[in-house]
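In this document, chain identifiers A, B, C and D correspond to the written order of the chains, with residue numbering beginning at 1 in each.
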Amino acid sequence: MPHVVDCKITAHQEAGRGHYRMALRAPKIAAEASPGQFCMIEVRPGYHPFLRRPMSIERIFADGISLLYKVEGEGTRLLSTVAVGQSVSVQGPLGKPFPINPAWERPILVAGGIGVAPFPGLAEAIISKTGRAPEVVIAARNDSLILCEKDFKRMGCRVTLATDDGSAGRKGFASEALADLEPGPGAVVYACGPLAMMYAVHEVCVARGVTCYASLEAFMACGDGVCMGCVIEANVEIEAERMVRVCADGPVFDTTIIDWTAQRARTGGRS
Amino acid sequence: MSVNLQVNIGGLVMKNPVTVGSGTFGYGQEYNNYFDVSQLGAITVKSLSLKPRAGNPPPRLVETPAGMLNAIGLQNVGIDAYLSEKLPWLRKHGCTIIANIYGHTPDEYGQLAERLEREGGADAIEANLSCPNVHNARDAGGCKLVAQSPERVAEYTRIVKSATKLPVFVKLSPNVMDITQPALAAEEAGADAISLINTLIGMGINPETRRSILSNMVGGLSGPAIRPVAVKMVWEAASVVKIPIIGMGGICTAGDAMQFILAGARAVAVGCASFRQPDTALQVVNGLEDYCKRHGVVDINELVGGVLTR
Amino acid sequence: MSVNLQVNIGGLVMKNPVTVGSGTFGYGQEYNNYFDVSQLGAITVKSLSLKPRAGNPPPRLVETPAGMLNAIGLQNVGIDAYLSEKLPWLRKHGCTIIANIYGHTPDEYGQLAERLEREGGADAIEANLSCPNVHNARDAGGCKLVAQSPERVAEYTRIVKSATKLPVFVKLSPNVMDITQPALAAEEAGADAISLINTLIGMGINPETRRSILSNMVGGLSGPAIRPVAVKMVWEAASVVKIPIIGMGGICTAGDAMQFILAGARAVAVGCASFRQPDTALQVVNGLEDYCKRHGVVDINELVGGVLTR
Amino acid sequence: MPHVVDCKITAHQEAGRGHYRMALRAPKIAAEASPGQFCMIEVRPGYHPFLRRPMSIERIFADGISLLYKVEGEGTRLLSTVAVGQSVSVQGPLGKPFPINPAWERPILVAGGIGVAPFPGLAEAIISKTGRAPEVVIAARNDSLILCEKDFKRMGCRVTLATDDGSAGRKGFASEALADLEPGPGAVVYACGPLAMMYAVHEVCVARGVTCYASLEAFMACGDGVCMGCVIEANVEIEAERMVRVCADGPVFDTTIIDWTAQRARTGGRS
């Protein structure tokens, strides 16, 4: 059950150029959260910005949660100026978490850019529920934008890097790095990142008969399934049920349910 | 001091004058996670159509200064799923229900109203004649919205009225030159109350991509940004009609709600403010009670239309 | 890369597409303390009437979410004082002048236009047919504002056009159901451009005093709050008229201005944003140049109406 | 000539319950300011609140100015939360200052509540230009709301207090305290405070043939004479010239020019 709570900021640091990690005291939210869920954050009180901003839960602690975010526009810029000791209003946990199943032998997390945000908590949960450390692919434009590498290594995960310019790890895309890992029967892939990346990862998985869960994004107003604003097209026969809500039906979807043609047409193939 | 907050909206008794804007509160269940939604005067549900609707393609939303634009296109589960899946929960929790309906033709409105009454699906009907996000209403009397044509408003109102004995509210659009005309048309055709305002039509363009941000090009503007327009329309409409008005448009606080009540609204609806703060409507209920106590008002009905002329 | 920002608005050549909203920049002098106002494409002066006007009693202003309401009532120095006291300064500083005029009758508009041309008081005329804060326009064709009646818009436009050879712009109101009608009426009557939008009518009530905050009860809403409505009206009008449009309503940044240009405006006006930041209009000029450079656009005219349909 | 400048806050303290004093580094504004002028302050960047807030200049230093303000509503509340070291955008100096004339032998400052704000600087300027310390009347609801008493005493001013409840000085109104001082020929009165108080002070002055300058308030949008929003009714024959702008024609007016009947009708006799 989600809550709306004023949460004290217990830590707030830069975590890479233009990226921040914020730790929040939020026992009520932490008690109910699972990896893959998100919160709606009021970046500043008042009517400007008017809406909360959705943020994945990075990690879940006994008494709170952390967020990992990128300054994208005005809202995230304002959020980055809030000091430790001050409070922000947080609504959450919201949405459907990543499914975890001890029967899935080879979990692989594939992150693009800030898409890594929900994965530290997911890796922790997979380890504690299955005893297995997932493999992790982290892709970014260049080495300075690779986030959380050490965190995953500390947990015992095998980490593969990929960068557009080759400045860290393999030069190339996340999907190529994933293909190199040759996922096959028993593997399950968790993906989060730009749309084009998730689509490419989905294609690799389909070709190899591997289940893939992706965490999608959409502009959100309520974050809670109420406004019908955050929908994307799904592969559903019944026309009237094609539009699924990223906030309440997702953000995590089995990628085979997503109508990728519609997504890609909208972004013109761009992420 | 005990304060009477109960109001009678054209036959619908509400224990307090606060409901929610259709489409901003789902069917009540989600926000019951944050507070007991049956404490509200009524819950106005998302527009219901005869068949489920997929709505417009995304993107459907964009934030604007002190507000937002939406082009949902009335995505909804349809009357069948409402009656079987949503209604039982609302009834079990003791909610007073205003069922907002949307049809492609006057006849569809009639069918929806008739069915809702027959199956106990509503305590009052709100006919949405003013959604700016649906194309199929475009040819209504040369106007884009039914609510832009007083004749059509009268026609639709009469049909809904003759289909049900439930109180019938007519939801009008601010996208008109003179709100008193559709307001009077609704009253004369037998509406038990009018709801004011639906969203203002607006548009947002992303200069970087040069595209309209909404797939539907235009959308409906809501939020505090439009509140001054909404208060003025309620005030104007209240000066000509005798039936009650449900005022809405950017209400975030009890003070905002009081502006509408003083302008002439007997009830108010909290709309997209719930997206930012799910319990806004309850805060407004409590704030209205405080206001009455602070001002020594024993019955909130005394304040309706009480704005002083300078 | 050098960028052409020059635009031609119905015969008025502006060195860049940025002017200011009438009534939000005085006669230029005050804001020249902050930047050289002659850098703007043009300065649109406060509405001028034949006689000086006292305007409405105070209070005339109230802040609203992301905007403000005003009920100034066109207080202005009158045409004589303008010509003798304000014009020499504007001319000395090399400003391009759009003289906004307001009259009680079509004839007064004609007199104002004729006199301004004769005395070199303007480079273009903007006829304000849309001020919501003056009562004496109330009986215009059953409408409250001249701009609400396409017939009156045509009549007033023809009279101003026949009184002057200067380019004539007609400033329209958003308080209509369909902006294309007055826009087409102005074009057919010979207007050289249309200005969109004047303020939306709104109202604010102080719940503590129970009084309307404005002495005039209602006022005009401006600021970022109304920008989505303004962009949409410009887009709609641009789809039917061939004459240029000066777009305005809540512009605070070059990005905002680009929304209007992509929607179909050939020039833009910065209104009440100057109150918060006096050099906003200059920042918009610079920002538009940057935008063009960033997007490899050599002539800003190429962007007019360039919004992509989804 | 006014400027718009981002000014660093060099000090910011509570100066009485709900009242704050803020010192700003603003050499350009300080260089051109005179007592009685004001600034328009952006209480927070962004569109909410939308407009700047007018604030009298309390004192003028070589490299900056100070403000003394009361938390009245949301804007002043937000202002009160800005920390030392941060900047606020300040537009000023604006408006007409208090006239000072060495020939005026007995300057008396009469303040009601937060109306004392422009007077510390005015007292300093009178002392430096005329060599005479003005007399000061400070009126407030109760003793905890009497501001600046020590500042005036330190400058050598004779200070008379008046409170509604008698908790400090004379029980009664500022105007009564002024009358007790028996201002007569050679005196000049400067008044700032609630409207009802300024009217009462004006009446005392008229009865005694004493010139009175009052600093008036109005809701302002531009603060710079442009919008015509801040007008009040003046005693001017020509109807079209009756409305004078508080920001540009004032805020300091000779009280005989003000149409007090119109002001009082508007506020229903309340302040």
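Quick notes on this structure:
Methods note: a residue touches a chain if its C-beta (ideal position, glycine included) is under 8 Å from a C-beta of that chain, and two chains touch if they have at least 3 such contacts.
Because the structure is a prediction, the values reported are computed rather than measured.
Counted as hops between touching chains, the shortest connection from subunit B to subunit D is 1.
Of the two chain pairs considered here, A-C and A-B, the higher C-beta contact count falls to A-B. Averaging C-alpha coordinates per chain places the centre of subunit A 55 Å away from that of subunit D. Taking the mean of the C-alpha atoms as each chain's centre, subunit B and subunit C sit 34 Å apart. A straight line joining the Cα centres of subunit A and subunit C is 47 Å long. A separation of 36 Å divides the Cα centre of subunit A from that of subunit B.
Among the residues of subunit B, those in touch with two or more other chains are 64-67, 215, 223-224.
For subunit A, the set of residues touching two or more other chains reads 47-48.
Viewed as a network of touching protein chains, the structure reduces to a complete graph with every chain in contact with every other. The part of subunit C that touches subunit B in the complex is made up of residues 64-67, 69, 143, 148, 175-177, 200-205, 207, 209-212, 215, 217-219, 221, 223-229, 231-232, 235, 250, 255, 258-259, 262-263, 291, 306-310. Put simply, subunit D touches subunit C in their complex at residues 1-4, 42, 47-52, 89, 91, 218-233, 238-243, 248, 262, 266.
Every residue of subunit B that touches subunit A in the complex is listed here, in rising order: 23-26, 30-31, 33-34, 46, 51-55, 57-68, 70, 72, 75-76, 78, 215, 223-224, 252, 272, 274-279. Of all residues in subunit A, only 44, 46-48 touch subunit D in the complex they form. Here subunit C touches subunit A in the complex through residues 65-66, going by the rule given at the top.
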